[in-house]
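In what follows, chain A forms one complex with chain B and a second complex with chain C.
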Partner chain A sequence: MKRMVLTLLALVLLAAPSYAGTKDIIYASESTAKSLDPHDTSDTYSGSIQRAIMQGLMGFDKDLHIIPLLAESYTFNPEATQFTFKLRKGIKFHDGTPFNAEAVRINIERMMTGKYKRSSLMKPVKELVVLDAYTVQFNLKEPFGAFVNAIAHPGSLIQSPKAIETYGDEVSKHPVGTGPFIFDEWVSGDHVTIKKNPDYWRGEVKVDSITFRPIPESGSRLAMLRAGQAQYIYPMPAELLKIAERDKKIDILKQPSIIARYLVLNTQFKPLANVKVRQAINYALDKQAIMKIAWGGAATQLDSILPPNLQFYKKQSAWPYDLAKAKALMKEAGYENGFEVVFITPNASNRLRATEMTQQQLKKIGITGKIQSMDIASFYNKLEGHKVDDTTPLPFIAFGGWSASTGDADWGTRPLLSTDAFPPSMSNFGFFSDEKVDGFIKAGLASADPKVREKAYADLQDYIWDQAPWGYLMVDSLVAAKSKKLTGIYPLPDGAFSVEAAELAD
Partner chain B sequence: MIKYFLKRCIAILPVLLVVSILAFAFVHLLPGDPARMMAGDDADAATIEMLRQELGLDKPLPMQYFTYMGKLAKGDLGMSLRTKIPVYDELRLRYTPTMYLAMAGMAWSVIIGVFFGAVAAIYNGKWQDYTAMLVSVSGISVPQFWLGLLAIQLFSVHLGWLPVAGYTGKFSELILPAFTLGATVAAIMARFTLSAFLDVLDEEYISTARAKGVTETLVMWKHAFRNALIPVITMVGLQFGFLLGGSVVVETVFAWPGLGRYMIEAVAVRDYPVLQALLLLYSFHFVFINLLVDMVYALINPEIRYE
Partner chain C sequence: MKQKKTPFSIFWHKFKQRKTAMVAGIFIVVLVLTALFAPMVAPYDPFETDYSLSMMGPTLDHPAGTDVYGRDILSRIIYGSRISLAVGFTSVFVGALVGVTLGLISGFFGGFLDGLIMRTSDVLFAFPGILLAIAIVAILGPGLINVVVAVSVFSMPTFARIVRGSTLALKESLYVKAATSVGASKKRVMFVHILPGTLGGVIIYFTMRIGTSIITAASLSFLGLGAQPPTPEWGAMLAESRDYIGVADHMTIFPGIAIFLTVLFFNLFGDGLRTALDPKTK
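So, the complex of A and B:
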C-alpha cells in the first residue's frame, strides 16, 4: 500500500507541468470554438481566435474605432454606393501565397455566394471590381453608409486563396491568414493552439504560442489562473471578484462593452402601446439595484439607445428611479390600477435574477405578472413566433440583449427598432414602429460621410429616448483576469479579445 | 452460452430501432430552431432561411426521418449542425475521455465501496459499521460540483500538486475528476453491499454453514460475500451505464471533453444529429451492459445457466 502511494505521488510529480523556457500562454474561456472559417462563424469567441490568425482589409482598435489593416486607405463616393480600397503591398499569407487584389476577390466572392453565416455582410454588394493588383472597388446595390464597418467586421477576414482552393469548406479546420499567429491545432470540443508567426508584417510577435482552452465552470477557470496553469481568463466571474482581487499575482481587467440590456415591451399590447406607460416603466425600474445584484456590479447604466462604445453614440439624460413620477404617469395614462403581463426571459441565472427584480419593481406601479424562463433556443422560438397581426397580442415584457457586431450605429438600431425589422425578418420583438425613427435610420445609411451620419443618429437618439420603446437597463462590463506577468491581451468592447501584442515576463 | 450471448446481441438491434424513432421524435419536439441558433444572436431572416435549407430543415418531418434512417442504415450518423464535423468523428473524440474517466472512477469506487460495505456488514452495529456508513452517507450527500471545486482549491491552488482541469493526456489530470466522479458511486456501492450482505447473512445456508463448524472468516468471504455480490454487480452495471453517458457536472468542473458536456452543448443549440446519436449510444450502453451483467452472474453463481 505504501509503495502504491509513493508510486502515485511520483507519477503526479513527474506529470506536473513545467513552464520554463518557451513563452506559452494558456487562455481559459467559457466558450468552445465552433469553426475557424470566419465567413461561416456567428459566435464572438471563434471570431476572436480567427482574428489572431487572419486579418481583414480594415479592423477595429481597442476602442472599436476602425483602423486600416490589409488596406492602406479607402475612398468612397458621396452617395455611399462605391468604396475603393488601396491594398498594402508585400504581405504574404502563412502558406507563402502573396496577398493582393486577387486574394480579396476570391474571399469576397466566396462570401457573396450567400452560402455562409456571414454572407449577409456582403449582401449590399452588387459587384467587386479589381482595378489593379493592389486596388479593389466595391459597387453597392443601394447606399449603405455603414459598409466600411462590414469590411472591418471579423466575418470579413481574408483567408489564403490557396487554402480556400485546397480545402474548400474544410477550410474551417485549416485556417490560413496573414495574422500574427499561425494555426497549429484544433481539437473539436477542446482546445485551439496557435503559434508565433516569425515573419509577421507588423513586427515581432513576443510569445511562442497561445492555447485557447474552454473551461466552462467559472470556479475552475479562476482556480487555473490562481494556480498558474492559465495566464488569462475570460469571463472573470463577477461573483468571485472579491477572491480574485485579494490574489497578488492577478490583475483584473474591466471595461465597458457594446452589449446593451433592456426590457422589450410588446407595443402591440394596448397598455404598452401608450408612451406614458412605457415612460412609467422606465421611472419604476431601479437600474442601480439590478446592476448591483443581478450583474454583480459589472455594468453601467444605459444612457442612450446605443451603448457608449458604438459609433455615433450620443449621451442622453438617464432615467432616474422615481416611483412617484411613475405612478403619476400610470394614472395619466388611465392605468392607475395597473395591468397584467408575462415576463419572458432566458434562464441564465443573471438574466432570471434581473427579471425577478423587474417583476418586483414593476409590481409597485401595478404591473404584475408571472415569469416564464426558458433556455435560449426556446426564448428565440417564442419571441420570433409572435406576429404583428396577432389578434390577441401577448402582453409580454421580455429580457432583451444586443451586441452590434459591426460596431456601427446602424446595426445597433435598425434590426431592433425599425418597422422593417419585425420578426421573423429581424429582431424588433416589441413591434415598435415610428415613422420618424424609420426616417432617421434610413438617413443614417444614405451617406458614408461621417458628419451626415452622425447627425442622423444624434437626431434618432434624441428623439427615441423619450419614446421609451424599451425599459432601459444597462451595458455589460467585460471582466477578465490575467497573471501580472502577462501584458498585451485585452478584451474588446464587442466581447471579443485581442492577443496580437501579448507579452509574457519571465 | 456463446449461442445465447450472440442471440442477445442480435436482439439489441430492434431495441435500437425503436430508440431511433423515439430519439428522432423527441429532439424534433423540442421548441427552438437549430438554424436560428447556428445563425447567431444578431442574424437576419435571410441567413436563417439559408441555413435552414442547407441543413435540410425545410423538408417535411417524415422525409427528414427517412433520410436520417437511410443514412443510419449505412452507418452514417450525419454531420453536427454546429461544427459541420461528422458526428461519428466528434463522438470518437469525446468517447475516449468519458470512457477513461468512467473506468478510473468506477475502478476505485467499486473496490473501496464494496470493501466498506462488507466491513460494515461484518461488524454490523459496531463502530466500524457506523464509521463506514457515516463516510458513505456523506459521499452520497455531497454535491459533486462542490466536492470537485473543493478538491481543486486544495490540491491545485494551495498545494499546487495537480492540474486544475483539462484533458491533454497526462495521468495527473485524471486524479481529481476520477476521485470526484467515484465518490458518489463508492458511497452507493457501500450502502448497497451492506444491505445485500445483511440479506445473505439471514439466509439459512449461512446458519447451516456455521452449525457445521465452518470458521467465521470462511462463512463471511466464501458463503456470504459471493452471494451478496450478485445484486452488487447489477448495481455496478447500472452505475457504469450512467457514467458512460458522461457526467455533466464532473466534465464541466474539470473541463473534461467528454460525452456529458457534448450533450449539454448540443441541447443548447438543438444540434439534432448529435442528440440523436447520443441517445442511441446511451441506449446501446445500457442494453449491452445489461447483457454483460447477465453473463457475469453465471460466472459467479454456477447455478445460473443460460441456454
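So, the complex of A and C:
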C-alpha cells in the first residue's frame, strides 16, 4: 500500500511540471509557408509568420492604423520627398546583434538592389542617409505621400544584419529579427515552429511556442479544432459556421478586412459605357442576399470605393436594392429590352455563387448571359489580356476583388481606376477613364500632409461613387475560429494575423 | 394451341424471370417518361430563386428541400434527368455508331486497316476513361456538347473490339460463306449477314455503358467541366452543395440518390439483357 502511494506521488510530481509548464499552440491554416525572408515574400501567410519573428520601423495595429515599432517617431518635409526616422534604443536581435541605424541601412540597401519580390516598396527611394547611430533619412526621387505605408508594409521588416551576412539569400530559412518569437524549425511543406523570445523588448511573451501547420481541406481544419488538435484555424469556412457555432468550446472571430468585392463592368462596351446602365446595375443588385447566401454572412456592404479600414475612407450613402428604379434607368438609357454579356469569375465556390446570383438578379432588368468560370490564374490572365483598342470590346462583367496591402488609399484607387492603370500595366480591368478621377488620384500622391491627402481622397470618393464604375458589392469579413482557452491571436484586416499577444489558459 | 416461338418471345420469356432486371426496366421507363414530361411533372420552375427559402430541408411543399438559392431541388432533379439521359444516350449512341462501323471494317477486311484501328483502340484503352474525358474536355473547353464528344470517344474502342470479335467468328461461319459463294457483294455480306449477328453484344454493352456515361458526365460537371450554372445537372448540383455537407445534407443526398439509382438500374437492366440474350441460358 505504501509503495503504491509513493508511486502515485512520484507520478503526480513528474506529471505536474510538464502540465503547467508548456504552452504550445497549433495554428492550422489553408496555406503553406513559402519563404521566411520578408524582402522576398509576396504571400500574406508567410508574411504573417515573419511578423511574429521580425519587426519593421513602423507597423500596423489591429485596425490597420500605422504605429511606430522599431522607430520612435518620424518627420517629413512638405514636398513628401524626405522622411526621417528616429530609432528606438536598447533593442537587440535574437542573435545578440544590436539594432541601430547601421542595421536599417543594410536591410534597406538589400531591398534597393531590385533583386527581391518586395524591392518595389523601396523603388521611390533615391538614397538612405545614416544621420547618427539612431537616426536614418530617406531621400525620394519624387513626391510619394504614401511612403510611410511602404515602411510599415510587412515586406519592409528588419532582419539581423549578422544573419544576412552569414546566410546570404539562405536567410529565408534562418530568419533572425527583434520580434516576440524566435525561429525554431521549418520542415518544408509541413510546419514552421517558433518559440518564445525571453528577452522581448515590449514585455513578456505568454506562450512557449506556436506551430503553423497547413491543412488545406477546410472540413479537416474545423475537425482538428473541435478535437483539440489545433487551437486556432484560419480561414474558418463560412459554409460550416453553423457547425462551429453549436460547439461550446469554440469561439468565432470575425474581423472586417480591406478586401473589397465588386463587379468589374467593361466600360469599353457601349451599353456599360452609359452611366445610367451602370447605376441601374447597382440598383438591381441585391447586396444583402449576396452577402448572406454567397458569402455565408461573412461580409459587410461596400459603402465607398475604399473599404472602411483603409486610410482616408469616406462613407457614402449605400445603393439600395430597388428594381423599379433600376428598370426606369435602363429605359432612360434606351436599353429597355436589355442586352447580353458574359459573366467571368474565378471558380472558387463562393465567387461562383456570387456570380450566379448576379446572373439571376441582372436577368430581372434584361441583362442576360452565360457564366464562364475558371481557375484564378486563368481568370487574371484573361482580364490582363484584354486590350484597350479592341474594336469590338467584349461585353463582360467580371467578379473582381482587391486588397490594398499597404493600407493606403492610393493603392486602393490608382491601380484600379486611373487611366494609367489599363491592363496589362495595372488592374483597371474595366477600362474606366475619367479626367476628374485621374486628377484626384494625382493630388493624393503629391503631398505627405494627411490633411491635403484626406481632402483629395474625400473628393475622389464623393465624385466616383455616383459614376458607378463597378457593381458595388461588399467587404469581406475575415473569419477565424479558436479554442475558448486561447486569447490574443487575431486576424488582421489584410488577411494576415498577429500572434504577439497570444495567451493560453490551463 | 402452342404459341409460335419467335426470337423475341424466347427473349421475353427469359427476361421475365430476372426480377431485378424487370424492376430496373420499369424504373428506366418511368425515368424516361419523367424526363419527357418534365414541365408537367415538376412542381416548380427549376430556375426560380427565392432567397428567403435558402437551404430549407424537405417539407410537404418541397419534398426534396431547396438549394442555396431557394430553388426546388425535386424540380431540378426532374429537369436534370433530361440532361443526364440525353447526354448518356447520345454519347453512347455516337460512340456505338462509330465503334460498330470501325469494328466491322476492322474484322471484315483485316490486314492494315485492322492493325490501324485496333492499335488506335489500344492507345485509347490505355487511358482510364475519366482521365481521357477530362483531357478531351480540357482541349475542347467546358460544356455539355463537349462532354458528349468526350464520352463518345472513350466508348468507341470497346464497341469496335466487341464487333470485331464477332465479325471474325461470323466471317468464317457457313451461312456467310454460302452468301459469298452465291455472289453477294461485300457490302451486302457486311451489313445484311454479319452486322445483325453482332448486335446482341452491342445492345448489352450499350445499356451498361449508358450508366457509365451518366456517371462520367456527372463527374465532369462536378469538376466544373460539364454543365455550367444554372443548368440543373445532377453532378453540377452535387458540386454546388458539397460545401454545405454537415449543414444542409439534403442538398447533396437527393441528387446523389438520383445518380446512384439511375446508374444502378441501367446496369441491372443490362445484366438482365445479357442473361436473356445469351443463347446458352434457358
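Here are some notes:
The rule is short, and it goes like this: the second predicted complex is superposed on the first by the 485 of 506 C-alpha atoms of A that agree within 3 Å, B and C clash if a C-alpha of one lies under 4 Å from a C-alpha of the other, contacts with A are read in each partner's own complex, and residues count from 1 in each chain.
Following the convention adopted for this analysis, a contact is a pair of C-beta atoms (placed from the backbone, for glycine too) under 8 Å apart; a residue touches a chain by one contact, two chains touch by 3 or more.
Note that the structure is predicted; figures quoted are calculated from it, not measured.
In the superposition on chain A, no contact is made by A:Gly90 with either chain B or chain C.
When chain A is checked against chain B and against chain C, the one touching more of its residues turns out to be B.
In the superposition on chain A, contact is made by A:Glu384 with chain B only, not with chain C.
Contact with chain B, but none with chain C, is seen for A:Asp169 once the two complexes are overlaid on the shared chain. Touch criterion not met for A:Pro198: it reaches neither chain B nor chain C. By the touch criterion defined above, A:Gln359 reaches chain C but does not reach chain B.
In the superposition on chain A, the residues of chain A contacting both chain B and chain C are 219. Residue ranges of chain B in contact with chain A, taken from their complex: 30-33, 36-48, 50-51, 54, 82-85, 89-90, 93-94, 145, 148-149, 152-153, 156-157, 160-168, 170-173, 175, 252-255, 257, 261-262, 265, 267-270. Every residue of chain A that touches chain C in the complex is listed here, in rising order: 219, 237, 239-240, 242-243, 286, 289, 292-293, 347, 349, 352-353, 356-357, 359-360, 370-373.
The residues of chain A lying in touch with chain B in their complex are 11-13, 15-17, 32, 34-35, 40, 42-43, 114-115, 117, 119-120, 123, 169, 172-173, 187-191, 213-217, 219-220, 223-224, 226-230, 374-378, 380-382, 384, 401-405, 411, 415, 424-427.
Interface residues of chain C facing chain A in the complex, by the touch rule stated above, are 49, 51, 54, 68-69, 224, 228-230, 240, 243-247.
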